[in-house]
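To keep things simple, chains are lettered A, B and C as they appear, and every chain counts its residues starting from 1.
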Amino acid sequence: MPQMTIDEVARIAEGVVEGDGSRTVSGVAPLEEAAADQISFVAEARYFPYIQASQAAAVLVARDADVPLPAHMAAVRVDDPRRALARVLPALYPQRVPAPGVHPTAVLGDDVEIAASATVGPYAVIGEGTRVGERARVGAHTVLGRGCTVADDAVLHAHVTLYDGAQVGARSVIHSGARLGADGFGFVWDGTGHRKVPQVGGCRIEADVEIGCNTTIDRGSIGDTVVGEGSKVDNLVMIGHNCQIGRHVIIISQVGISGSTRVGDGAVLAGQAGVGGHLEIGAGARVGGQAGVTASVAAGETVSGYPARPHREAMRAQAAFFKLPELMKRLRELERAVLGK
Amino acid sequence: MPQMTIDEVARIAEGVVEGDGSRTVSGVAPLEEAAADQISFVAEARYFPYIQASQAAAVLVARDADVPLPAHMAAVRVDDPRRALARVLPALYPQRVPAPGVHPTAVLGDDVEIAASATVGPYAVIGEGTRVGERARVGAHTVLGRGCTVADDAVLHAHVTLYDGAQVGARSVIHSGARLGADGFGFVWDGTGHRKVPQVGGCRIEADVEIGCNTTIDRGSIGDTVVGEGSKVDNLVMIGHNCQIGRHVIIISQVGISGSTRVGDGAVLAGQAGVGGHLEIGAGARVGGQAGVTASVAAGETVSGYPARPHREAMRAQAAFFKLPELMKRLRELERAVLGK
Amino acid sequence: MPQMTIDEVARIAEGVVEGDGSRTVSGVAPLEEAAADQISFVAEARYFPYIQASQAAAVLVARDADVPLPAHMAAVRVDDPRRALARVLPALYPQRVPAPGVHPTAVLGDDVEIAASATVGPYAVIGEGTRVGERARVGAHTVLGRGCTVADDAVLHAHVTLYDGAQVGARSVIHSGARLGADGFGFVWDGTGHRKVPQVGGCRIEADVEIGCNTTIDRGSIGDTVVGEGSKVDNLVMIGHNCQIGRHVIIISQVGISGSTRVGDGAVLAGQAGVGGHLEIGAGARVGGQAGVTASVAAGETVSGYPARPHREAMRAQAAFFKLPELMKRLRELERAVLGK
């Protein structure tokens, strides 16, 4: 692990040192776990009380935070401790880049193109006509179907599956167990059974996307399913066929989005939310955790609850909900007074 | 990709051509994406307005739909555009069937029987005594335990796991990452810890079933977990130990069914619904999205909400729910009028 | 399959035989499926009526249960039929322990240490510096990153992924498709895009834990994510970065726990429940199925509903909820009587 002085940390964090900047640190840890050669950070005022007891050599903290520091601790004053941390971490924990090359156990189909700077791990299986770009990494046991594209600098962790024709954009990261481009769930009843509607569309993940572990994104039935540039999708999410997810969208764990729904740029869907099919979630909209979205949501709107409604309305109804037993009692008293029953 | 005339498409779709049937098409696309050599389809009236601007050579549309077509476009008039599409797609997008044979990297246990017409992909691992039927396909990296059965024409995609003894019926399709026959979640507290109850039952998937990506279906504790003939299960679904899922059941993504519950033939469970253990969901019942089923549901009934109730009742209560703040205000006014408070 | 007399079964079950204990049995089955050489069990009075028609040779039943037995059936009277079953099953269904050794197809990094008594399956990939303990089993296709620890007697089924540095405690069982130690979902907006915050913490599974199929447990951002000793986690569960799950906790299928939440010893989270981030679920607390936990829960408390409230309060409000339409009608009548409108 690299070592650097607190002064160097401050330079990377674009901050200013308060105290002794010449000491050396070699890692980051939470306040209560940090050792004397580690730095820590505090982003919220409610954690300020933990600073006094911390052994950390230095703490990343907001410029204007009024926090007394213990004698052994320096402060690195920054505009935004979270962003500063995001800058410091790669320097203290440099990612080990595997050596380029195709592991001898990888099985390659005909006409596969793999850039010389790419890495293909043990037991990867790559189908006919698939292309792997510059510096891309294909993890151990990852299976790419026929005619897939893995663009430059994309990272596919172990055990990913790309069905035939799926595309992963530049610099995107696909975590272990994600399944991209499987058949959408399309059947028609033919009088005796559910008959499969062949799913012939594509699955396109654009650039700078991150897809979590065991998430599933189905191909389009006809036409493509798309996850737009810069969007981040957590673990165990389901995105149905022909969904169009915009750019810079955040989708938290276990969300489910039914087929043909469009999600606008910058929208945020919180954990376990469910969205019906053929809906429109506007740009910048926010969907609350576990919300059940049964109608389109306007741009910028925040919805929650089941069925999902504008958040303020949902909150008011929920507040009243827990007063229901009392409300019924009051109603009964009124009835007694008015109707004598 | 095969090419065919619009007349040929109409023959497969069991429809009638309106316009020039001699032109050649080579694919299907949504109205707004279709090129001049592709056909499209419209199943719902709300999409009729998009027909005028489409470049498609022809459109599959209901016989009685009153839709003006642009000059370049033919119509293929059919009884049901969705079913017609389901017939046309396999002709225009024929599935590539891999050559039979066992990949040299597959690891086979003792007494494994694999039909000569079956395909076993790279790095498949097949346990002792397991049988793979005629024309069945075992995908790359799929792991079959000991004593499993993969019946004729079944397709297991890449990265599937069958635990010991799991059975997959004829023509069934199991998608990537599905886990069939893992231990059910059975523990008893012994005073110092949760002690595992050995799970010794089976996991039986009958014929013509489809199981989605990353879905998990546990083996029975004693006795079997069963998914009946023709049922279709979407991605990321959980089916607990000893569940008995009937025939032609539809289970949408992220549904969870607790142990020992029975689901009758033709029932439909919408996305993210949860069903408690030891319940009975009657034949043809419908469970709404995100519904929380805490009691058995009668055959043919539709339930929704949490806890799930007959849909009409749940809808009425939900409608009233969002009027709660107003209702409280009215109650307060009444109290003022009647009780002077 | 081993055979034993009913007398032997009774000895293992710590019970007393009623009837002929000399007969031989060779398996366990549910009452309605049991053959004449199998035993069955009844733990709940509602299943007593099924005893008469059962073919089972013997039945495990509570000492004081007043159940008439058919002539062919013996009873094994025990304190607790479920615990008795948990003792009898391993004797009748002994687990086959694979022979120790590393499969020749396994790919091992530098400085990997594997105990001579451990088993490593086909196509396992084990990263640099990883340690596999005595009698531990690493399933086919399982991928262990660099610097991981698999302690003595731990079992990793097929297709598990451990990211770099993840630790699995002694005797713990990790089911197929579980992903341990992937990056937490941490991003900061930098004005043009969501910038990844490097996730450098650990993922530590303590001893005697069981983790279900396709469950995902992320590493800490800084500091560790921990699942405590003896806890049992079902399939398709998501545990976010820096969560601290206590000892002997039960987490049922499809539960989601957001980052930095602490769950106390012995707590139980029922299926599909969701818990927000940075919360505290007290020791012994119980969270109902599908509950949406948005605030900390006191030790020993039972909560349910959305947003989760003490169970009794939630039940009362839900009961009133379905009377809302009637309540509105009564309110309207009162208004007519009082206000003349």
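Annotations for the structure displayed:
To be clear about the criterion, contacts are C-beta pairs under 8 Å (C-beta built on N, C-alpha and C of every residue); 3 or more make two chains touch, one makes a residue touch a chain.
Keep in mind that this is a model prediction, so the values were computed, not measured.
The rotation that brings the Cα trace of subunit A onto that of subunit C spans 120°, given to the nearest 5.
For the pair subunit A and subunit B, the fraction of shared interface numbers is less than half, so the two copies use mostly different residues to meet. Chain centres here are Cα means. That of subunit A falls 26 Å from that of subunit B.
Residues of subunit C found to touch two or more other chains are 123, 141, 159, 177, 214, 236, 254, 272, 290, 306, 321, 324, 327, 331, 334, 338. Those residues of subunit A whose C-beta lies close enough to touch subunit C in the complex are 28-30, 33, 80, 82-83, 85-86, 89-90, 92-93, 95-96, 103, 105, 121-123, 139-141, 157-159, 173, 175-177, 208, 210, 212-214, 230, 232, 234-236, 248, 250, 252-254, 271-272, 289-290, 305-306, 318, 321-322, 324-325, 327-328, 331, 334-335, 338-339.
Of all the residues in subunit B, the ones that touch subunit C in their complex are 107, 123, 125, 141, 143, 146, 159, 161, 163, 177, 179, 182-183, 185, 187-188, 190, 193-198, 200, 214, 216, 218, 222-223, 236, 238, 240, 254, 256, 258, 272, 274, 276, 290, 292, 294, 306-307, 309, 313, 316-317, 319-321, 323-324, 327, 330-331, 333-334, 337-338.
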